[in-house]
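In order of appearance the chains are A, B, C and D, and numbering begins at 1 in each one.
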Amino acid sequence: MQPIEKLESEKIVAKNQIALQTVMNKLQLINKELSVREGRILIHNISGRIKEPNSIKVKLRKKGCEENYETALEVINDIIGARAVCYYMDDLYLVADVLNTHKDMEIIKIKNYMEHPKKTGYRSLHLIVKLMIPYGGKQEMVKVEIQLRTFAMDYWAVLDHQLRYKKENTDNDSEKIEKELMDYADSLESIDKKMMKLRNKIAKI
Amino acid sequence: MQPIEKLESEKIVAKNQIALQTVMNKLQLINKELSVREGRILIHNISGRIKEPNSIKVKLRKKGCEENYETALEVINDIIGARAVCYYMDDLYLVADVLNTHKDMEIIKIKNYMEHPKKTGYRSLHLIVKLMIPYGGKQEMVKVEIQLRTFAMDYWAVLDHQLRYKKENTDNDSEKIEKELMDYADSLESIDKKMMKLRNKIAKI
Amino acid sequence: MQPIEKLESEKIVAKNQIALQTVMNKLQLINKELSVREGRILIHNISGRIKEPNSIKVKLRKKGCEENYETALEVINDIIGARAVCYYMDDLYLVADVLNTHKDMEIIKIKNYMEHPKKTGYRSLHLIVKLMIPYGGKQEMVKVEIQLRTFAMDYWAVLDHQLRYKKENTDNDSEKIEKELMDYADSLESIDKKMMKLRNKIAKI
Amino acid sequence: MQPIEKLESEKIVAKNQIALQTVMNKLQLINKELSVREGRILIHNISGRIKEPNSIKVKLRKKGCEENYETALEVINDIIGARAVCYYMDDLYLVADVLNTHKDMEIIKIKNYMEHPKKTGYRSLHLIVKLMIPYGGKQEMVKVEIQLRTFAMDYWAVLDHQLRYKKENTDNDSEKIEKELMDYADSLESIDKKMMKLRNKIAKI
C-alpha cells in the first residue's frame, strides 16, 4: 500500500489534470456535435475540479476506510470530477448516449439522481467512467465522475452547497432548513418537467 | 444624418468591442472586490454581445423610427449589452451600487424588471449607462446596457428566449404558452425569494 | 464527385472544429506531460485555424487540380492546421515523439523544414496526421497538419508572412527583399542552435 | 510601519489582481484600437503576474532595504507586472503613446532598455505607472510596471531567464556564458532593426 500523499506527487497531479481536461474537451465537442444534430445548443456550461487531498482524507474517514493511495483510488469516484449543465432534462440522456459511443472511455456506473433524487433533494445524473489517456508513452486508465444536470438542478445544487457549507456549525433549525431546501428542489423539478413538455409541444406545432 | 451602415464600419465596431470588454472587465473586478467584502462569490457568470445590425434595423422599424445611425444610437439602448448572473436577488443591488461609484461611468436609466416584471414574466435589473472610454487619444462616450439577473431569472429568461424563438411562426396555442411561461416565472420568483430568506436566516444563526 | 461547397456545410465545419480542438488539446496535454518529465516547459504557445474555403480554392487552382470536395481533402494537407511554438530545436522532436505514441492518431507524413528549409528560409517541422475522432456515433478519420516551431522560427515566419502579404502587389526590389529575409532566417537559425548548445552546456555543469 | 505580510492579506491581493487585470485589459483594448488605425496587429501577446512575497523579500534584502510593507511599495516597482510583446521596435513607442493618453493612469518613470540595454544584453521598454482603480467605493492608486518588448527581445529574455535560473548554482564558465548570451542579444537586435527597416521599405513601395 502506498501513502495517500502520492496523490499530491507531481506525476499524479499532472495525470489527473490531463484526464480532467480530456473529459471537459469531450463534453465541449459533444455539445458541438449535438448542436448540429438537434438544431439547438444542449450544454449551457462545462466545469471541472480535482478533489483536494484533504477532502479525500475526510471522505475516507467518513466511510471508515484506510487512508492510503490504493483505497482512495478504489473507493472515491469523484477524485476527478467534470460537470455539464444542460437546458432540459432529456438532454442529460442525449449527452450520456454520445459519451457511451466513445471508444477511449467506458461507463462503469450510473447514478441516476434525476429519477431517484437523494434525500436532500439533490438531482443530477452521475456517470462514473474509466478513461484511457496516453501518458508517458503508455495508455493509462483513470476514473472520472461526470455530473450531468439541468440548469434548474444546478441552480438548486449550487445554492444548496453554499447554504449547507454556511450552516455547517449550527444545528438549530437544521431540520427545518433541510425540509425547506427539499421542497424547493421538488418545485424546481416540477418547473423543469413543464419546461421540457412545453419545448416538446412547441416543436410539434 | 449618417446611414445606419456606419454601425458596421471598422472604427465603430472596434469602439463597441472596447466598450463591451471594458464593462465585462468591470463586472469581473467588482465580483472580486465584493467576494472579499461579503465573504462569498456574488456573480456566477458574465457574458456580453454586440447587437447585429439586422436586429437593430428590425427594432427601429418596430418602434416606427427612421433607419439612420444617429437615431439608432439614441433610441436603442442595448446595441452593446453585458450580463451578470448573480446568486441572490439582493446581490443585484450590491453590484449596481458598486457600479454607481465608478467615475468613468454614469447610470442614466434603471429599468427594474425585478420589482416590476414585464408582462411576459421577464425579470431582471437593467442599467443603461454612459461609459467613458479612451479611444483615438480622446475620451469617448458610449451607451451600454447592463443586465443583472439571479440564477433563477436567467434560467427562465434563457429558456423563454429559446422557446419564443422556436414558436415564432406559430400562433396556435400561443396565448396558452405565454400563460404557462408567465406562471413558471412567478414560481421561480417565489423560490428565489425563499432562497434569499433562507440565506439570511442561516447567516443570522 | 461532390462540390467544393460541401466544405462549408454545417456538419463538415463542426467535424473540422472538433478535430482541430482535439489536436490542440493533445498538444496542451503533451506540454503538461513533458514539463513534468523534463523539468522545464517545452511549448510556449499553441494556436490553430481552419483554412478558409477561398484559400482552398486558390491553392487547388495553383496546383492545377479540379475544384471539388474529394480533391480538396486529398491534395490539401492543411485544411485543419495546429501550431505549437517550442523553446529549443530539439523540443520539436520530443513533442513529435509523444504524438507518435498516441493510439487515436497516425503520422502519415513528415516534412522536416528544420533540417531542409524552404528556399524562402522557412523553417518548421510539419507532421501530417490522420486523427480518429468520435462523431455521430462512429469513428471518423480527419487529416490535420501540425506545425512544430521554435520561438526563433516562429518569429521569422510570422514577420515573413506579414511582409510577404504586404508586398504582394509589388515586384520591384522583390528579389532583394527575398534575399534579405532568407539571410535573417539563417542568422536566426544560427542563434537557435547556439541557444540549444548553451542549454546543454549549462545542464551538464 | 506595517509588516511585509500585509502584502498577502486578502484585500491587498484582490486589489493587486484588479490592478493587473485592468492594465492587461488596457493593453488588449489598445491593440484593438491601434490595429484599426495602423491596418496591422501590433501586439502579439499580453501576459502578467503578481510578484511572490518571497521574491519581494529577497529583492528588498539585495537592495539593503528594511522588510516592511511601506518600503516594499515604495522601492519595488514591479510588484504588479504586465507585459506586451509587439512585432516591431517602433510599435513599443506607439503603444506607450496611447497609454500616455489614458486619464486613469500616469507614467511616472520610463526605463528605456531598448536604447540603453542592460549589461546582460536585456532589452525592453519599461513604464512604471500609477493606475487609479475604483475599489471599496473609492479611487485607489496602485503602481504597475508595464514591459513592452519586441518578439525578438522576448525570445532572448525568456531563454536568458530560463538559462540564468538553471545555472544559478554554478560559477564555472559563468563569465563565458554571460558573454555568449550578450552576443546573441546583439545579433537579435540587429535582426530586429533590419526587419523594421524592411517593413518600412515595403510600406513605401
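Just so it is clear, a residue touches a chain if its C-beta (ideal position, glycine included) is under 8 Å from a C-beta of that chain, and two chains touch if they have at least 3 such contacts.
Predicted model only: the values in this text are computed from it and were never measured.
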Self-check item: Approximate Å spacing (C-alpha centroids) for the pair chain B, chain C
Solution: 41
Exercise. Could you put a whole-Å number on the gap between the CA centroids of chain B and chain D?
Key: 36
Practice problem: Find the geometric centre of each of chain C and chain D from their Cα atoms only, then give the gap between the two centres in Å, rounded to an integer. | Solution: 30
Self-check item: For chain A, residues that touch 2 or more chains besides their own
Solution: none
Exercise. Based on the touch definition given at the start, go ahead and assign the chain network to line, ring, star, complete or other.
Key: ring
Quiz item: Which chains touch, pair by pair?
Solution: A-B, A-C, B-D, C-D
Practice problem: Using the touch rule from the top, collect the residues of chain B that touch chain A in their complex. | Solution: 40, 44-45, 87, 151-152, 155, 158-159, 162-163, 166-167, 170, 172-173, 177, 180-181, 184, 187-188, 190-191, 194-195, 198-199, 201-203, 205
Quiz item: Any idea which chain C residues touch chain A in the complex?
Solution: 10-11, 14, 17-18, 21-22, 25, 28-29, 32-33, 35-37, 98, 101-104, 133-139
